[in-house]
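The following pair of complexes shares a single chain, chain A, combined with chain B in the former and chain C in the latter.
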Partner chain A sequence: MEVLFDPATLASGIKLSVPILFAALGGMFTHQANVFNIALESLMLTSAFFSVVGSCYFSSPWAGLMLGIVASLVAALVFAVLTVDFGADVIVVGIAMNLGAWGATSILLELMFGVRGFLLDPRIVSFPSVEIPVVKSVPYLGQVVSGQNVLVYLAAATAVAVHFVSYHSKMGLRIRALGQNPAAVETAGLSPRRYRYLAILLCGLLCGAAGTFLPLGGLSMFSENMSAGKGYIALAAVLFGNGVPGLVIAASLVFGYAEALAVKMQGFGLPNQLVLMSPYVLTMLFLFIGTRRRVAAG
Partner chain B sequence: MGDRSVGNPRTAKMRNAVLTEAAKYVVALLLGMTIGGVLISFKGEDPVFAYKVLLEGALGGRAAIAQTLRWATPAILAGLATTIGFRAGVFNLGVEGQLYMGAFVAALVGYSVALPGRAHMIAALGAGALAGAAYSLLPAVLWMRYGINEVVNTLMLNYVAYLLTEYVVRVFIMSSSGSVVPLQIVTPEIAESARLPLLFPPYQANVGLFIGVLLAILVYFFFQRTVWGYELDIVGRNPAFAAYGGVSVRRLGMLAFIASGLVGGLAGAVEILGVHHKFAAQFSINLGFDGVLIALLAKNDPLGIIPVGLFWGILRNGAYSMERMTSVSRIVIQVVQALFVLFLTVDAGVIRQMLRRRRALRGKPVQKGATTTHGSLV
Partner chain C sequence: MQKEIRLENITKRFPGVLADDHVNMIISAGTVHAVVGENGAGKSTLMNILSGLYQPDDGRILVDGEQVRFENPRQAMRRGIGMVHQEFMLVRNLTVLDNIILGFEPSRAGMISRSVARRVLKDLMNAYKLDVPLDETVERLPVSMQQRVEIVKALYRGADVLILDEPTSVLTPQESRVLFAAIRELVSRGKTVIFISHKLGEVLEVADRISVMRDGRVVGELPASDATERTLARLMVGRDVLMNFTPPGKPQGDPVLEVKEMTVKDARGLEVVKQVSFTVHAGEVLGIAGVAGNGQSELVKAIVGLVPTCSGSIHISRRDVTKASVKHRRQAGMRYIPQDRAWVGTCRQSALWKNLLMGYEHYRKFSRFGLLRLDVVRRFASDLVARFGIKTASLYVPAGTLSGGNLQKAIVARELALGPRLLIAEDPTRGIDIGATEFVRRQVLQVAEGGGAVLLVSQDLQEVMALSNRILVMHKGQIVGERMPAETTEEELGLLMAGRATRGTHDGR
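Moving on to the complex of A and B:
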């Protein structure tokens, strides 16, 4: 039982929730704009690969983050052009992009680094962990919150920022209005197209950070199809919270915590496959609870 | 979705439409292949040569063609499974998982049950199909009864299926002995009596191909000629209208979902009984996902699935031979396939309209205030 509240479990839960959180915050914008976005997965994977490239060539994780974000934005732009301007089906484009990104990153891995499958390279520099001066010495809390990866704190700050953008900025308001009533947005003399693009690009930006965390959040390696469904899990977090930032954040944290707990349970002899399965099962359970709650609330 | 405009007997116009449509496919494929070619040349290989190797490997000779038909079989079945759902507005992205469940159960029946003659094969096929249907039951019920999004659930269940089958085989069938490498986590071989007859022994092409083609034709007639099929189509296009017309949207949606899972399970059973002869963990990444791309290329027309599936067989088999004969990884072809679909979603009409608008803007001096970028008040 004590493993549940073990500071190490909580700390690794927070860490594991970061990629899901970033991607879910991005997916929240597209959800608010009424775009069903399963391409989160491909944006994350694209960014994961290019962040490794950036980190390798400039030996700086920040360069990795930049390149990862740029790559993810380009992929998001492709998604936007096809679905907004050409009216292509979002699910078909999403699946094609996910398969395409898987293939493209695998080939680029081979072309640029000469390896297949995965890349372990001393040139890949991860983001460092940092201690928070005062908090560090607080018992329990210090062990959970301090000493995390830089991106973890960046994720927390981003979550707050996203809340403000979504609820206290014109752009956020308009994106939400677009999802609820596109005609109203048009009547107000605004371009729905523009705000749909903005939502998708914001999503690209945040998925860029999500993807960067996968290789540069401490692992310092890239492997083929590294996102492994995390984009879909993030989408579930978005649907659970129905686009409300607080709920989306909470769902992401729970997913991360569950994953950390499952990894811990492995130490107690729980079979590997069941451990790996748990985030996906939990996602379904959460989606069920979230939807039921929403239905109950009318 | 379904694209069969009725009426307008003016054949010239129709021929024109068909030609435009065909041109779209050719252009999309060429664009995809061009980008693929660039990737191939980065690898230091000649793209023309690589594509030639691909074509020869897929169509040059008896063995090559047999192997192409072998790969066309799961493509047709997975494409069909996806199409059945899409036509009814059910986004079953879990064909991959249903395929795994079908494969696993078919293998189970194939090696552990003794039945005389063809009965064994039919029982194993049927069990596999039912396993796929059963596996689609959960997301179907959650969607139809509780309104839970089926896309996320089916995607999650794909991962659960990979891991669950691996777990069961490793712990209950291999008694946790032996390797932890997925492809070495295998069931025993199935009995001879459960195997699908080969079309041209010793090559792997098997009667699964006929099952797929026959099923595609059946599904076509189902949608074309039966009341249920017609109602399903309406449900897929306009659920509110269907409900208004007295169609039980819920019941039909369930039916389509489960039928989709059934065919997905069958696809897996055919893979095992026809080709692999035993179930190996993580034996077929992405056969199910290919179904989504195939359904789109076939415009959700069950008959269209057959040629697209054959084309997929050519690409898949050709890609393997390209990988053997050159230094190019076969995954290049996965990128070409994805790009083909992405380029195809680009609507040529929209491009023409954009160009026209741009020309019009450039042609005339624009009056101040006369242009709204998006015709909002019209």
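Moving on to the complex of A and C:
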């Protein structure tokens, strides 16, 4: 039982929730704009690969983050052009991009680094972990919160920023209005196309950070299909939160915690498959609850 | 801030339709100018041009003598022209405040200053005596309040000329009265109001000047003081119309439809029809009046068999059909004219003759060994087209190509083809022109005269009053009153529809 509240479990839960959180916050903007975006997965994977490239060539995780974000933005732009301007089906484009990103990053891995499967290279520099001066000496809390990766703190700051953008900026209000009633936005003399693009690009930006965390959050390696379904779990958090930042954040944390718990539980003699399954079962449960709630709310 | 609008030779074509044909109109500043006409007369298109949503193919717009060209609504707004659309342009789960400022948010560095907005709006609401609850989400407001939000929104955006498109179609008579008072207040403060409607009584009540449109042209313009309902109707239709009907005499027939303590829940599990009981007799038209969204639509769906009932029973001709399928109910003699003729009443892609046959295809008369007897079917369909005066190029065109009025006639023709025992008519004349309305109403009455029972559910109070022997009023899922048309007034029914006591209350707001 004590494993549930073990500070190490919680700390690892927070860490594992970071990529989900970044991607889900991004997906929240597209959700608000009423764009059903399943391409989160491909944006993450694309950025994961290019952040490794950046980190490798410039020997700096920050360069990795920059390149990862740029790559994810480019992929998001492709998604936007195809769905907004050419009117392609979002699901079809999303599936194509998710499969395409897997293939493209695998090929690029071989072309650029001459390896297959995974890349372990001393030139890859991860973000460092940092201790928080006073907090670190607080018992329990210090163990959970302090000593995390820089990107973890960046994620926390981003979550707060996203809330403000969503509720207190002109752009945020317009994106939310767009998803509910595009005609209201249009009769206000605004361009629905512009705000659809902005939502998708914001999603690209945040998925860029999400993807960067995978190789540069401490692992310092890239492996094929590194996102491994995290984009879909993020999508589940988005749907559960239904456009409300607080709920999206909470769901992301729960999913990350479940993953950490699954890892810990492997040492307790439970069948491995059952344990590994649990985060996904939880995801489905959350989706079920989220949907029920939405139906009840009309 | 007073603005005079001149429309000169405005012409707008849509594929296959000349919506506006060299329209000229002068709208004087500080007046209420009504534009009346049947559906499809070109009123809404004209107003969408004036508000910048459409661009005219020809002609010009002058504001205070200066020629203007609006590429989008924002440009029209900048010249002080704002529109309150028939379908409100509100975002349901945002607050009233956010809805009003959307697109015109006072802000600093991209961040909205809601306190500034609140101050500006408080002043505006005081100045025009239009109060709206700024912090409530729009979906929690009654429709009349949502409309007021739309008006405040237009004023906030700097409208000097307000275009109201069919504003009373969603209001009770009392709420309309309140709206008219608000319009008067606006005009007294120098605003100009353009009032689009096809309800002639209210146009005469509120307007200073009236332009009448027909087939994309202005066929008459006159001061309201010189107009009567009769002259306006003649201008609109191009001939005299008879709008007064006498409902059939006292019903003495057997009960045909018996609804007992019926409760219906919606998808959310809320009771939208609560313990409703009534009976419709042979030879009787029972009208149900109510503001849209008070359970009438669910009531009808449950009786027709489109949604399950939660409790209670439904009998047609003493047969229990509570759990019966739509098909079985139709076999018991039920027919249905649905509110939504385009999606429920017809299959738009299918040929007209197929639409006329739907529901009868299994009759022995029309099919043999599972194959349609096309010659008989064709004769049946062309007979209906002739009998009901459906204007169509042929029997083989897709039903969706017919005009609204003709599509409605086709549905009426099909439903009345084989002499129904029970007719459920739901807003049977919504959105169709006066000529078709007159026809459909006459047909509905004939069903009752021929010994059938009619349940008429309509949002058009005048229609309910003109056709029914007896009127039930629904409010929040319950029957809140029963009246005889001869012994009641629109005002009394309106109060019932609003859920208020009928006597002793006088509420100006």
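Here, the second predicted complex is superposed on the first by the 296 of 298 C-alpha atoms of A that agree within 3 Å, B and C clash if a C-alpha of one lies under 4 Å from a C-alpha of the other, contacts with A are read in each partner's own complex, and residues count from 1 in each chain.
Here, a contact is a pair of C-beta atoms (placed from the backbone, for glycine too) under 8 Å apart; a residue touches a chain by one contact, two chains touch by 3 or more.
Everything numeric here is computed off the predicted structure, so don't read it as measured data.
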Tell me which partner A:106 touches in the superposition: chain B (first), chain C (second), both or neither. first
So in the superposed three-chain picture, is A:189 touching just chain B, just chain C, both, or none of them (first/second/both/neither)? both
Considering only the touch criterion stated at the top, classify A:168 as touching first (chain B), second (chain C), both, or neither. second
Quick check for you: in the superposed arrangement, does A:116 touch first (chain B), second (chain C), both or neither? first
State whether chain B or chain C is in contact with more residues of chain A in the superposed arrangement. B
For A:284, decide between first (touching chain B), second (touching chain C), both and neither. first
Chain A residues touched by both chain B and chain C? 186-187, 189, 295
What part of chain B is in contact with chain A in the complex they form? 39, 42-43, 91, 93, 142, 146-149, 151-153, 155-157, 159-160, 163-164, 166-167, 170-171, 180, 286, 289, 292-293, 296, 329, 331-332, 334-335, 337-339, 341-342, 345-347, 350, 373-374, 376
Considering only the defined contacts, which chain A positions touch chain C in the complex? 164, 168-171, 173-174, 176-177, 180-181, 183-190, 295-298
So, in the complex, the side of chain C touching chain A is made of residues 53, 72-75, 77, 83, 85, 87, 89-94, 98-99, 102-105, 107, 110-112, 157, 267-269
Enumerate the contact residues on chain A facing chain B in the complex. 36, 38, 78, 82, 85-89, 91-93, 95-100, 102-104, 106-107, 110-111, 116, 186-187, 189, 191-193, 228-229, 232-233, 235-236, 239, 271-274, 276-277, 280-281, 283-284, 287-288, 291-292, 295
